[in-house]
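Should a chain be cited, it is by its letter among A, B and C, assigned in written order, with residues numbered from 1 in that chain.
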Amino acid sequence: MQFTAHQISLLLGGTVEGNPDATVNQLAKIEEAQNGSLSFLANPKYEQFLYTTNASVVIVNKDLVLTGEVSATLVRVDNAYTAFSVVLEQYNTLKLNKSGIEQPSFIHPDAQIGDNVYIGAFSYIGPGAKVGNNSKIYPNSYLADNVTIGDNCTLFPGVKVYFDCVIGNNVIIHSNTIIGSDGFGFAPTEDGSYKKVSQIGNVVIEDNVEIGANTTIDRATMGSTIIRKGVKLDNLIQIAHNVEIGANTVIAAQSGISGSTKVGERVVIGGQVGMVGHITIANGSQFQAQSGVSRSITEENKKWGGTPAFAFNDQLRSHIALQRLPNLEKKVAELEKLIAELRNVSI
Amino acid sequence: MQFTAHQISLLLGGTVEGNPDATVNQLAKIEEAQNGSLSFLANPKYEQFLYTTNASVVIVNKDLVLTGEVSATLVRVDNAYTAFSVVLEQYNTLKLNKSGIEQPSFIHPDAQIGDNVYIGAFSYIGPGAKVGNNSKIYPNSYLADNVTIGDNCTLFPGVKVYFDCVIGNNVIIHSNTIIGSDGFGFAPTEDGSYKKVSQIGNVVIEDNVEIGANTTIDRATMGSTIIRKGVKLDNLIQIAHNVEIGANTVIAAQSGISGSTKVGERVVIGGQVGMVGHITIANGSQFQAQSGVSRSITEENKKWGGTPAFAFNDQLRSHIALQRLPNLEKKVAELEKLIAELRNVSI
Amino acid sequence: MQFTAHQISLLLGGTVEGNPDATVNQLAKIEEAQNGSLSFLANPKYEQFLYTTNASVVIVNKDLVLTGEVSATLVRVDNAYTAFSVVLEQYNTLKLNKSGIEQPSFIHPDAQIGDNVYIGAFSYIGPGAKVGNNSKIYPNSYLADNVTIGDNCTLFPGVKVYFDCVIGNNVIIHSNTIIGSDGFGFAPTEDGSYKKVSQIGNVVIEDNVEIGANTTIDRATMGSTIIRKGVKLDNLIQIAHNVEIGANTVIAAQSGISGSTKVGERVVIGGQVGMVGHITIANGSQFQAQSGVSRSITEENKKWGGTPAFAFNDQLRSHIALQRLPNLEKKVAELEKLIAELRNVSI
């Protein structure tokens, strides 16, 4: 893939400053760019690199005033950051432009496959499963009986979806993530062993959700584990049975949400956070990385941290005070002595 | 799958109250049930829903006294919860009723395959591997050389079992879990790099164990990493080399047990707990979520929490006191001043 | 595989003491060894077992002075530990001695496959991908377009490598690990939803790296996520986009490194550690398990622990003091009373 500065300016509705025939075949950060790279400058903090970069073409804001000599060809646009995002997206679309059904793959005769799909080799589409139009199922993936995948979805290699789960439109799921494994439900018996509680619910994932790699979302015991529209989940996350994650909530890697907990909308959860089961988290709540959340949060839009989690600023103060705790103990011991002396004097 | 109230009463040994021809084709919670659903009422707390539910058939206790009008057909049984569990199990058994060998799959001529098995497409059974009777190996799974799988096991899609590992009877392993990967063993060398210590042991999993999705159990350096009978492991758990987990112990998601640690029987470990290596945990111990266990526990049946873990109630008190620590610091500073004043007075 | 004491002595350059025809067909710890086992004694702490072991052959140090009767045949060598490591390695090499291309597999005509490779069944090698000489790609693995794998690498079953990623020589990657999934990058929009930021960089893994099972390493937004030579990563680790891990750094299971953080060389990171993004960690730093690292570390070779992490010994003292905190509160309350009394007296 090779483009000229002129072609890029046409794509972005920009104007060329320098050689319109300058060609690029890769994308790079302005400070790392080499000859043949296309780069961009949006943040004034990085302007210094514009005068030293080896990039062949740089996208800049229309109103940028140069303060030195630039060897790269410039493409001036209204908003360099947005324009470069458009280029990134185009690049990615070209890179992931797979279609057709590779062999060998396993497509059950009772499965329904939409138009313009990609089914990679060694993928398995079970009886009653549906794959929507323009969706991509990469190699080594598995869709069990009666799974529904909407339109414009991408399941990267090795994703496994258990029976009866429902996935909406424009959903991206990264490699080896599991949707619909059994919830962790066991009833203790008199001899100390546990009896499995059958997990016959499913997982419902709404539109525009993205899920990272090696994440696990368990099916509900009954009913559905639900991931609402626009949710973004990172890698290695655990979502237990009957959890509901509200719209546009974002969860960072290695966090875990225990069974039947209901997380609100627009919640932001840092990495390695844990939440106990059967609690409710108010809309707009934010949790610091490694928090442990042991009770429901009812006030919206507040920040929390620590284990057990309490108000973010308070727990920050507490954890800093914790560093001084051995000194505080010494000080109290000294005060004890002084008081004993005073009591001797005063009595 | 469609059943009448009459058929259900025959299966459960119950009696019908209402229309014996009422038909159901799905299972649902009583508060979410729609027309055509079978539901149950066991907990008196939910009795109110019995009078408003849209379920077509509800299983209830024999001795339930109605306090209002019910539109659903009732099936009365000795124990509604147990009876419904039987229905759930039947449902699940029908849903997972796969058998036969799908193509393409890879079964080495030196592998031994039992009777009435399911081998999914794109599964790999290596030389010397054995799969017991009535076991199900779902698609994209991998059994390396000389792996033994007992009778009545289910390996969901994408499970990988490394060479020489031994799995007992009635074991369930969820998708993409890894059994027998190399233990994390490296010897430092003089130049600062590390030399791999070969890991030639195996993993032994006893009967009636269930393991969640994306969990990892490393093989022993020598000897065996052992998961005793009846153990239940959740998703995304790490079990390091040469660990032993005692019978009927339960571990929640994202916990990790370091090398050579020996966990007792009937231990309950919450989510995101970490245990250091080379320690021993007494039978019946319980660990709060996110605990960090840094020493052996010798007393049985006690509760622990925090990092480093100490007695559960004590650490709860400590962590609540931690929230008041900045205030305590202020108070001590005030006392210091008061004492200084008193000393001025008394001297 | 069966060997005599004589054959083992030839392999190791040792001398036989006892029956040179004693045969072994397995390796075992000296305290667990059965008839037919080869074992070793290096640590004097275990010498007692030499006089009771059922091993048929034991490798011992040349200068070991016996203090009792030994039934096993001995092979005396300069260094029993090193010699046994050689045996372990040989054993492992024989166990993992796969080669050839199994069918069905998917090798794109534009892929380049080196000499003496193993490509397992149901593996996928995309267009432009390269696999170096003597490398092993186990079943159900996936190498996307333009992936490069060096010489002498082992990818265990189910590893997925996204497009354009580059892996050096002598690299081992365990089952179901993901290399090159999208970084977790989303831009908030005005309506509260998030817009994906395309992730077009790659992952570069240098020589002699080993990576555990079910670990995830995200591709860079632009540029590369880099794992330097000799790094050892355990299972279930998260490495975010644009992270760099310095040479010979070791990270234990379930730790996570957030985006753009740069970890130095020879760093040792315990299990379940979290690091925030955009920080720099000095060479030789060590982090206790479950630490939370929230700021850059500039001093080399120091130990850290706790959340937020501070000097290891200090945080140990603080966490022990935390256990006494409720008592400290009581003591301060008593001092308050005493001071109040004293003030009454003195005023």
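Definition applied: contacts are C-beta pairs under 8 Å (C-beta built on N, C-alpha and C of every residue); 3 or more make two chains touch, one makes a residue touch a chain.
The chain lineup, named per UniProt: A, B, C = UDP-3-O-acylglucosamine N-acyltransferase.
Everything quoted here is computed from the prediction, not taken from an experiment.
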item: Set of chains whose contacts include both chain C and chain B; value: A
item: Fraction-based call for chain C against chain A, same above half, different below; value: different
item: Separation of mean Cα positions, chain C and chain A [Å, integer]; value: 25
item: Shared interface positions of chain B, touching two or more other chains; value: 104, 122, 140, 158, 176, 214, 236, 254, 272, 319, 322, 325, 328, 332, 335, 339, 342, 346
item: In the complex with chain A, residue positions of chain B that touch it; value: 27-29, 32, 85, 88-89, 91-92, 95-96, 102, 104, 120-122, 138-140, 156-158, 172, 174-176, 208, 210, 212-214, 230, 232, 234-236, 247-248, 250, 252-254, 265-266, 271-272, 289-290, 319, 322-323, 325-326, 328-329, 332, 335-336, 339, 342-343, 346
item: Contact footprint of chain B on chain A as seen in their complex; value: 104, 106, 122, 124, 140, 142, 144-145, 158, 160, 162-164, 176, 178, 181-182, 184, 186-187, 192-194, 196-200, 214-216, 218, 222-223, 236, 238, 240, 254, 256, 258, 272, 274, 276, 292, 307-308, 310, 314-315, 317-319, 321-322, 324-325, 328, 331-332, 335, 338-339, 342, 345-346
